[in-house]
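Below, subunit A partners subunit B and then partners subunit C, in two separate complexes.
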Partner chain A sequence: MYEGIVQDLIDELGRLPGIGPKSAQRIAFHLLSADPADVRRLAATLNEIKDKVRFCRLCFNVAQAELCRICSDQRRDPEQICVVEESKDVIAIERTREFRGRYHVLGGAINPIGGIGPDDLHIRELIARLADGTVTELILATDPNTEGEVTASYLARQIAPMGVKVTRLASGLPMGGDLEWADEVTLGRAFEGRRVVA
Partner chain B sequence: MSRSARGDRVLPTYRDACNHGWVPVYRDEGVVLRTTPLAEADRIVTVLTRRTGRVRAVAKGVRRTSSRFGARLEPGTYVDLQLHEGRSLDTVTQADILSPYGAVIAGDYSRHTASAVMLETAERLTGEERQPAMRLFLLLVGGLRTLAQSERAPGLVLDAFLLRALAVSGYAMALQACARCGAQGHHQAFSVSAGGVVCPQCRPHGAASMSLAAVRLLSDLLTGDWAAADASEVRTRREAGGCVAAYLQWHLEYGLRALPHLERV
Partner chain C sequence: MTARFPTTGICSCRSGCPGDVHLTHLSLMDFRSYPALDLLLAPGVTTFVGSNGQGKTNLLEAVGYLATLGSHRVASDAPLVRQGAASAAVRARIVRGDRAALVELEIIPGRANRARLNRVPLGRPRDLLGLLVMVLFAPEDLALVRGDPVERRRFLDDLLVARTPRLAGVLADYDRVLRQRSTLLRTAAAARRGGRTSDLRTLDVWDAQLARYGSELLAARGALVEALRPRVENAYSAVASSPAPTRSPASISAAGEVTLTRLEYHSTVLAGLPDQALIGRAHSASIPGEPIAGTPGGDRAALEEAMLAELARLRPKEIERGVTLVGPHRDELLLFINGRPARGYASHGESWSLALALKLASFELLRDDQREPVLLLDDVFAELDTHRRARLAELVMPAEQVLVTAAVDADVPVTLAGARFEVVDGRVDHVAG
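Presenting the complex of A and B:
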């Protein structure tokens, strides 16, 4: 055990996800030996993040105002909404520069064993966004795993009667891999989603 | 090979392997019950295996889209595994799909919620890791296969699995005779604490009244009379399902997290 404030810092760092006691100790001593200006800047950012960052009123992406940067951008197509699980998925799709519509962040995926059901996600708010008839296509971009598939199938079932076109991101073989290592589910999906090239 | 106190031969442990220079690798088939994220791109998978019982193992890099495991270690998948035994957690070294029940079931929300209750129950009924539970394993594979085939109502498949899983774990529900005095007959009072139906003389305080049709349905599900179970009414299925859920959670001494999300159709 270290004295007072040093041990407090190690304990606080140790509460962060993925940081064990040894890592917490290493980071604490790095901060102690770092340039004071760098440490003050980190502390100021940590203070600011809780004061200024909030969730967008429309799409639940992280934002610094009532609306996020994407929802407040008038150049974005209001007819397409891409549904993702987390804010980090918005960044991943934005990096592709392929999508010019808007987003809706669910805040997770349906996982009954984990105690997460449809009422724990921003599904009700998504359905409310579709009510005015502006949106013509809903793109389901939940993760390609069991929870993501269940969430997509639940959303498709709920939204189909509203007359909105519901699409799901294609899934199949990743670039840079060998066919012989592909599992049956992935290979089956790749066959289902094959496209005409000639 | 070590020996138990009775002198029986038991499987070699990690320590045995290290002491004798063996490579502690084993192969088994199992159903993935649950996955938990670990570090940047790994997961801990909980698997109910045919021969070893419930094991927890690390699947390295499985969350990367380029992972060699792909969809092989998703919940509800029946897999052939090669595992490297570790001190606390094993490591998955190879995995091949035997049947992708989880992926098939995921396309239907009500079937998925039923399978989630089955997987969580199987995990809870195997109290200790590495205690073989062959009958429970076979029941789980059969239950998932029936759910994936979409031929029967998911609620009935779930209740049949739960009743049989409880029976093979030593908590068989008394349905043909009074749970207290053994008097034969389809009695119409149900007591969770007594262990099933009870006769009017033995009926304790708090026992619920139950229709004869619901008692018969439970009995049909336990014995596998699917023709009679399929012909039951929705109201009867709901009544029987409620009894099974209460009975299950009483004996598990645990409120299943998946049960409130179960969608009975």
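Presenting the complex of A and C:
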């Protein structure tokens, strides 16, 4: 154990995803010996993201205003919504330039081991977005793994009675993977070849 | 960004193309007791002789790891890495017919292993499966007959993956869905007991996923049991049958006695059906050639439906107990000798004959699939009486490559002559052949 504030820093860093106790310690000591200007800039950025970055009121993508860049873009097709797990998936799909509609970010996937059920995801808000009949197609682009598949089938079952066409990205995406890491060509093809599931 | 998977066939000799398979080169880095080791190997029999704890089994374990991505001795990877090292590496040159492949695997405990084929990194180590296929004979095999059902399920599943590497993905998916679904049931059961409301809204979709992968696994296991059945019967007769009296006076089978073995697959998925025998119909050597009705191999859709129906039937019980009661993870491969369950009734000798028969049948099946397995015989002769030693030696001779370990020369039948290495304190010296 280190003295007070140093240990606090190590503990805080250790709470971040993917950072174990050893890495936390290494980063803490790097910060202690780093140029004060660099460390202050990092601290300022951390403060700023909490003040300025928030989640889009409509789609829960990261945003700098009430609405994200995509939701506030009038040229985007309001009839299609692509459902993804995380904001980083929006970026992956945007890179393919295959999709001109809007998004809905669930904030994860159904995962009993991780303690995540339907109420922990932005599912209710998604269903509310479908209520006025503008949306004609819902594209389920959750990750091609067990939890993503289950989330997609759960949504398809919930939404089928509403009369909205529900499609799922074509297989061909590496199973067991993360949408984020699929290459552009594969992801683009998966978009083009999506199939109707409900 | 690059694609996660190689887009071209990584090794066209992986399937279909004829040619016996053997290793010509094995090298280890920080694997178990070996800081660094390079071995040249040849087709035929190679025996590693050394006392216990000298490191001979580690060599076979390394070859087995390349074939199955797991150790036959330990469940976790940590013990495979030499003390003080961060990772271990196993590399082998595999020759099939006139083609060769260089396979490399870095084992990093607690992290995903890294695999390379012909120096090209693979997206997943699982993509190595099928390049090297092995059948391992080890003292632990006795548990196939005497151990818990999980041992026999693992035997079937390992063999499934050796025959059809794609099924490794199905097994992994099934396991993942099973753990998620069981957690959901357990959490709900705990909530109910605590007087809170349980949330089972997603149970239907978990059922659908479980039935999807479960039926695929079940169909594959059913077809495998059908394929194994005659081969196990034949191999059992070959191992246990009466030998020439001079070779083994202590043999268990009296001359002329007909010994029957039988394999039955009992599935929890079909427990609710009037005819449980949809899979793995009871079949004995006394009625060879009887057509087998309702073999599940082809009809995956029917199995999926049956599994969903059984999940629905047992749902109240599952919710009450908080466990998944239906699925291949609860199924049983039952082994019989002369009409009685081998587990519990078979003598030590009979149990060994049956364990060897299961492994020999695997060997034959893989050969018939043109998978050409390398055979690993880890300290197994010491477990057997003279008669079974001689029979086993005879029956493994057709293999392209056999790697044997033994504590003393005398354990290995003389018919298995070949190259010989001595293993002393982590040093492996070529002494003959």
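The definition used in the following text is that the second predicted complex is superposed on the first by the 164 of 198 C-alpha atoms of A that agree within 3 Å, B and C clash if a C-alpha of one lies under 4 Å from a C-alpha of the other, contacts with A are read in each partner's own complex, and residues count from 1 in each chain.
To be clear about the criterion, a residue touches a chain if its C-beta (ideal position, glycine included) is under 8 Å from a C-beta of that chain, and two chains touch if they have at least 3 such contacts.
Only a predicted model underlies this, so the values are computations on that prediction, with no experimental measurement involved.
**Student:** Tell me which partner A:Asp183 touches in the superposition: subunit B (first), subunit C (second), both or neither.
**Tutor:** It touches subunit B and subunit C both.
**Student:** In the superposed arrangement, which partner chain does A:Gly18 touch: subunit B (first), subunit C (second), both, or neither?
**Tutor:** In the superposed model, A:Gly18 contacts subunit B only, not subunit C.
**Student:** Could you look at A:Thr136 and tell me whether it touches subunit B, subunit C, both or neither (first, second, both, neither)?
**Tutor:** Neither partner.
**Student:** For A:Arg157 in the superposed arrangement: first (subunit B), second (subunit C), both or neither?
**Tutor:** Both partners.
**Student:** If we overlay the two complexes on their shared chain A, which of subunit B and subunit C does A:Gly117 touch? Say first, second, both or neither.
**Tutor:** both
**Student:** Intersection of subunit A residues contacting subunit B with those contacting subunit C?
**Tutor:** 110, 112-113, 115, 117, 145-146, 149-150, 153-154, 157, 174, 176-177, 181-186
**Student:** Could you list, by residue number, the parts of subunit C that touch subunit A in their complex?
**Tutor:** Interface residues on subunit C, with respect to subunit A: 1-5, 123-124, 169, 172-173, 176-177, 179-181, 183-184, 187, 199, 201-202, 204-206, 208-209.
**Student:** Using the touch definition from the top, list the residues of subunit A that touch subunit C in their complex.
**Tutor:** 110-113, 115, 117-119, 145-147, 149-150, 153-154, 157, 174-177, 181-186
**Student:** Which subunit B residues qualify as touching subunit A in the complex?
**Tutor:** Counting only subunit B, the residues touching subunit A are 34, 39-40, 65-66, 68-72, 74-76, 97, 100, 102-103, 106-109, 112-113, 116-117, 119-120, 257-258, 260-262.
**Student:** In the complex of these two chains, what residues of subunit A are touching subunit B?
**Tutor:** Spelled out, the residues of subunit A in touch with subunit B are 18, 110, 112-115, 117, 144-146, 149-150, 153-154, 157, 174, 176-177, 181-186.
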